[in-house]
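Below: a set of structures, written as structure tokens.
Each of the two complexes below includes chain A, the first together with chain B, the second together with chain C.
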Partner chain A sequence: MAQWLAYLRRTPFLLFIVLYTIATGGPFLWVACMSLRTTPEIFANPYDLPTHLHWDKFADAWTTSNYGTYFWNSTIVVVTAVALVTVIGAMAAHCLARYRFRGRRVLRFLILSGMVVPPQLLILSLFQIMLDYRLYNSLTGLMIVYVATQLAMTVYILEGFFAQIPQDLFDAARMDGYSDFEIFWRITLPIGLAAIFTAVTLNFIILWNEFLYAVVLLTDDSKRTLPLGIMHFMGGHQLDVGMIATGLMIAILPVILLYAFFSETMIRGMTAGAVR
Partner chain B sequence: MAVVTVDKLSKRYDSSHELAVKDVSFTVANGEFLVLLGPSGCGKSSVLRMIAGLEPITSGTVSIDGRVMNPVPAKDRDIAMVFQSYALYPHMDVYANLAFGLRRRHVTREEIDRRVQGVAAKLGLIPFLRRKPHALSGGQRQRVALGRAIVRDPKVFLFDEPLSNLDAALRVSTRNELIKQQHELGTTTIYVTHDQVEAMTMGDRICIMNRGQVVQVGRPLEVYRSPTDTFVARFLGNPPMNLLRGRLDPAGERTMLRLGDTAFELPGWTPTAFARQTDREVVAGVRPEDLYESPLPGLEARTVLLPVRVITVEPLGPETLLLLSLGGSDEELIARVGRDTALKNGDQTSIALDTAAVSLFDPTTTKVVTRPS
Partner chain C sequence: MFLAPALVIYVAFIVYPVLRTFYNSVHVIKPHNVTEFVGVANFATLFKTDPVFWKAVGNTAIFTVVGTIADVAGGLLLALCLFVRVSFARVWRVVWFTPVLMSYVVVGIIWVWIYDYDWGVVNIVLRWLGLGTSAHSWLGNPTTALWAVLVTHLWKWLGFNMIIFLAALYALPTEVLGAAELDNCGWVAKLVYVIIPMLRPTLVNLLVLSFIGKMMIFDLVWVMTGGGPLWSTETVSTYVYKRAFDWNTFDLGYPSAIAVVWSLIILIFVALMTRFLSQRDKLEF
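Let's look at the complex of A and B:
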């Protein structure tokens, strides 16, 4: 009886979970199905399961539809930007969390205020700056923009975590003879690894899917990143739904892999300090 | 081997206008174990951190073997410190924690291994060398923290309340372990604590601090027996020294002290000792163990009986504490008597006081009135 009541009490919660899973997983499965069907098949019956698995569409997308180039461009820009923003952000976060210096609060406010400025507000001036510095329509330019825009969030995540590392550890390392940079490298970074994985994963997902800056700052087809490449198949007169779906699956794959590997560390990083 | 000299050391923190440490001076002899004792916030940890080089010095000097250390960075002072939180590096195993300080000092790999194994064997840490700190018990972590200090073979050890995170039983055994290690190594040691039992049992000498200043420095029993002011009198001892308002009555060459309704002679005190006590008011300090249910045999001559009423009886097992109200006054005092006392709450009785054990303090300055020798 009590067992039965317990199930009943949990029903609304379970119902919510089921609906939520359908709402988020459903479209993903639908796109996955479409990625293995041709466009005529999809137009004939959009919700059908694939009758014949067109794996060749992936090879086709990679070569003839240029997804290989887009994928490579995205990889270069995002991996470099994430690496840079992590290193720079971690050093900034370490200083803000560890040292009390004049102007610290102002500096912290300036860096973190970057999180609340909407990108639409920056895009015009950014476009002009990129033109002036001959960085318009270049992957290097986009990479620099990505580092700048993600720095605020990175510092925010890492500073909160680094500030919880007990001061005694740093004092002990100083007594053991280590310099400020060595302390950052040998104490802060390894202990803050969970937070760093969190920052890396979040930044990677955000930048991998980034569209606005890329569409404004890149024009050449050979320089397009994946989100732009996919958009390319949504022309004014043609809409190659099948190819878009295949492109989406190629784009989603690295994110899923990354999340599968780091999700546990990431959740640990985000909830660190919640329970002491 | 080192002599540590602290001279007129002061500290002001940026956030405050007041000095957290005021003109603190003391010398720790070679191989000596000095305990800095005081209540929370008295500045003892600040003094320790300034000696370590972790905190800038506002004024004054810290010297080791005559060399002024003020401009020398922490890493070059050849000092090892054990922290209250142990400060073990959580991402390194015990071996790496012990070796971390040696690696930086360009000690060869073989030498590091020899020293780490030696210290681990000495402290019983061999089975735990490959464990991370989170997989150790509190006592084991404490030993790793101690080992990390020992392995460097420094000139000076600093301890910042290293036992306060341990439970009572472990604290006693670790305390003994620490004393044993320090005796074996003979390294000059400064130990900060707010626990008077640690101070009494561990220190060669105790330096008592209050409100940023040194109040008294001396051997444990000397400080306990002859406190220089009412702060030390109340701070050392559990229960603390009873402080009772009294009046002095000179009677020729003798000095009479009046507590409540009772006046009695203080042996050895001449009226000249009280030349400054013009208003004749004093504070009399009596340790609870100097009060007895009946006069001690053979000491009747210097014992006086004070009329009291028993307020509460607290049997502690080995002894019993009596909270008493002194006849003819509103003052209360605590007596430490034998465990088999028959006294009950509300009893009217008298308690025997060993008059030779009374300390006198000036009520305005709170300083002790020196007994004439």
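Let's look at the complex of A and C:
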């Protein structure tokens, strides 16, 4: 009896949990269903399971609606930017965490203060600077901006971790005749791999989803990244809900697939900047 | 030597642009390298004769105050739900976190459909409940548009706050919670007198993060409403963007002035929040 009462008292609570789960997960399942249905089918009943699986819509989106181009642009920019920011950031973090030199505190403060610079303060002048350097409307320009804007956070995450590596290891390595670069390459990087992985995840998600810098710095259709491509397609084909849904799926699938396998790592990555 | 590449990129693409924005803010800058020094004229216009700017400030303020409080309180609530040993907690956690990983463009488009007058799920549920009269175009109506965008923003970020709170909750000393239980303290009292004071550092962190994010909100508004209808969702960031790239004034000076003013306001508030909230922290322990 008491057991039964306890269940009854928990019902509203469990109901809330189920409702919130539907509210967060539901929209994605809905879009996944719509991405496999044609627009007329969707308008007949927006909330139906796909009866015929129209996989050809993905092929269609990829070629005729240019999503293939957008996807590769996003991939190229994001992968290169993440790789660069990780290497450059790891080097800087290693230096700040390991060496004592004049002006270290000032430099550290300068770099980390980049985390609180609002994007509006950068975006207008970056637009001018990119025009000056002829990097406006180029994927290289966008990539450099991405590296610059993500640098502070990357250094912040990695430096905290690198500073915890025991100094003895470095002293031993120096005794064995390792050069500065070898110490970085063969000690800091392998030991800090977990932190590096976290930083990579975080940067990847942020940049894959980035919109503001891309919308200001790119204009050609052939250069658009996925978020811009979807917005552009949406502008031209407001009512083609089925095709937009397919485009949305193309944008979220890589993230969802990674999430399915590495959910813990990705959660840790996304929250790394907030707590340390 | 290890620091060099980072410093070069940093100075060229962060420090220099920031300084250049400050320089821009006291000039009028038109295409074809026309730059004219105007002193504080931009700031004077901004404060005296720009109703749209003040409308945008009002919207952003509402969005930030309500949003930040709801974000942090809601995140704490969700974290507590999972903290009290509910079954399948891991599954709920993973699902609740998914929106955090999605881009504003994806989230925005999905929610434009959810709010759709004819076939959006919000209105369908309302009609099904027999409340068909209160069904309306949520994003097309100036009185509800800002709130509709705010709900979407909360939906996206609640999972993030939840995860951070959950991590903090698990780090709490179990003896204290056990002692509270022994004292037969009700769960509301336990929450207010035991858990929240112990979570204060996390709380302050999340308040500041959420505050910064909402003061600078651009993407979601841009995707969902573009600032309309009738400026009802115009935020400072969307206004800066519009003045710089959409209006045919083609002047980068004036929007730079807005960006400078707004960034200073953000920094001042962040400094105040950290100082004020962490000082109370010291007094209490």
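One rule holds for everything that comes next: the second predicted complex is superposed on the first by the 232 of 276 C-alpha atoms of A that agree within 3 Å, B and C clash if a C-alpha of one lies under 4 Å from a C-alpha of the other, contacts with A are read in each partner's own complex, and residues count from 1 in each chain.
Rule of thumb we're sticking to: a residue touches a chain if its C-beta (ideal position, glycine included) is under 8 Å from a C-beta of that chain, and two chains touch if they have at least 3 such contacts.
Note that the structure is a prediction, hence the values are computed from the model and not measured.
Q: Look at where chain B and chain C land on chain A after superposing the complexes, then choose clash or fit.
A: Aligned on chain A, chain C fits beside chain B.
Q: Going by the contact rule set out at the top, does A:Cys33 touch chain B (first), chain C (second), both, or neither?
A: It touches nothing on chain B or chain C.
Q: Considering only touches as defined above, state whether A:Asp171 meets chain B (first), chain C (second), both or neither.
A: In the superposed model, A:Asp171 contacts chain B only, not chain C.
Q: State whether A:Phe16 touches chain B only (first), chain C only (second), both chains, or neither.
A: In the superposed model, A:Phe16 contacts chain C only, not chain B.
Q: Scan A:Ile187 for contacts with chain B and chain C and give back first, second, both or neither.
A: So A:Ile187 only meets chain B here.
Q: Determine, under the contact definition given at the top, whether A:Leu112 touches first (chain B), second (chain C), both, or neither.
A: After superposing on A, A:Leu112 lies clear of both chain B and chain C.
Q: Just to be sure I read the superposition right, which of the two partners does A:Val79 touch: chain B = first, chain C = second, or both, or neither?
A: After superposition on chain A, A:Val79 lies in contact with neither partner.
Q: Which partner, chain B or chain C, is in contact with more residues of chain A?
A: Comparing touch counts on chain A for chain B and chain C gives C.
Q: Using centres of C-alpha atoms, tell me the angle at chain A that chain B and chain C span after the overlay, to the nearest 10°.
A: About 100 degrees between chain B and chain C, seen from chain A.
Q: Just to confirm the geometry: in the superposition, how small does the C-alpha gap between chain B and chain C get, in angstrom?
A: So the smallest C-alpha gap separating chain B from chain C comes to 19 Å.
Q: Name, in rising order, each residue of chain A that touches chain B in their complex.
A: Touching chain B: residues 100, 166, 168-169, 171-178, 182, 187, 190-191, 193 of chain A.
Q: With touch defined as at the start, can you tell me which chain B residues reach chain A in the complex?
A: My answer: residues 14, 49, 52-54, 74-76, 79-81, 83-87, 89-91, 100-101, 104-105, 148, 152.
Q: Write out the stretch or stretches of chain C touching chain A in their complex.
A: Residue list for chain C touching chain A: 1-3, 5-7, 9-10, 12-18, 20-21, 24, 29, 78, 81, 86, 92-106, 109-111, 113-114, 119, 121, 124, 155, 159-160, 163-164, 167-168, 202, 205-206, 209, 212, 215-216, 218-219, 222-223, 236-237, 240-241, 244-245, 252, 255-256, 258-260, 262-263, 266-267, 270.
Q: Which stretch or stretches of chain A touch chain C in the complex?
A: Chain A reaches chain C through residues 13-14, 16-17, 20-21, 23-25, 27-28, 30-31, 43, 46-47, 88-89, 91-92, 94-96, 99, 107, 110-111, 114, 116-129, 144-145, 147-149, 151-152, 155, 180, 184, 205, 208-212, 215-216, 227, 230-231, 234, 241, 244, 248, 251-252, 255-256, 259, 263, 266-267, 270-271, 274-275.
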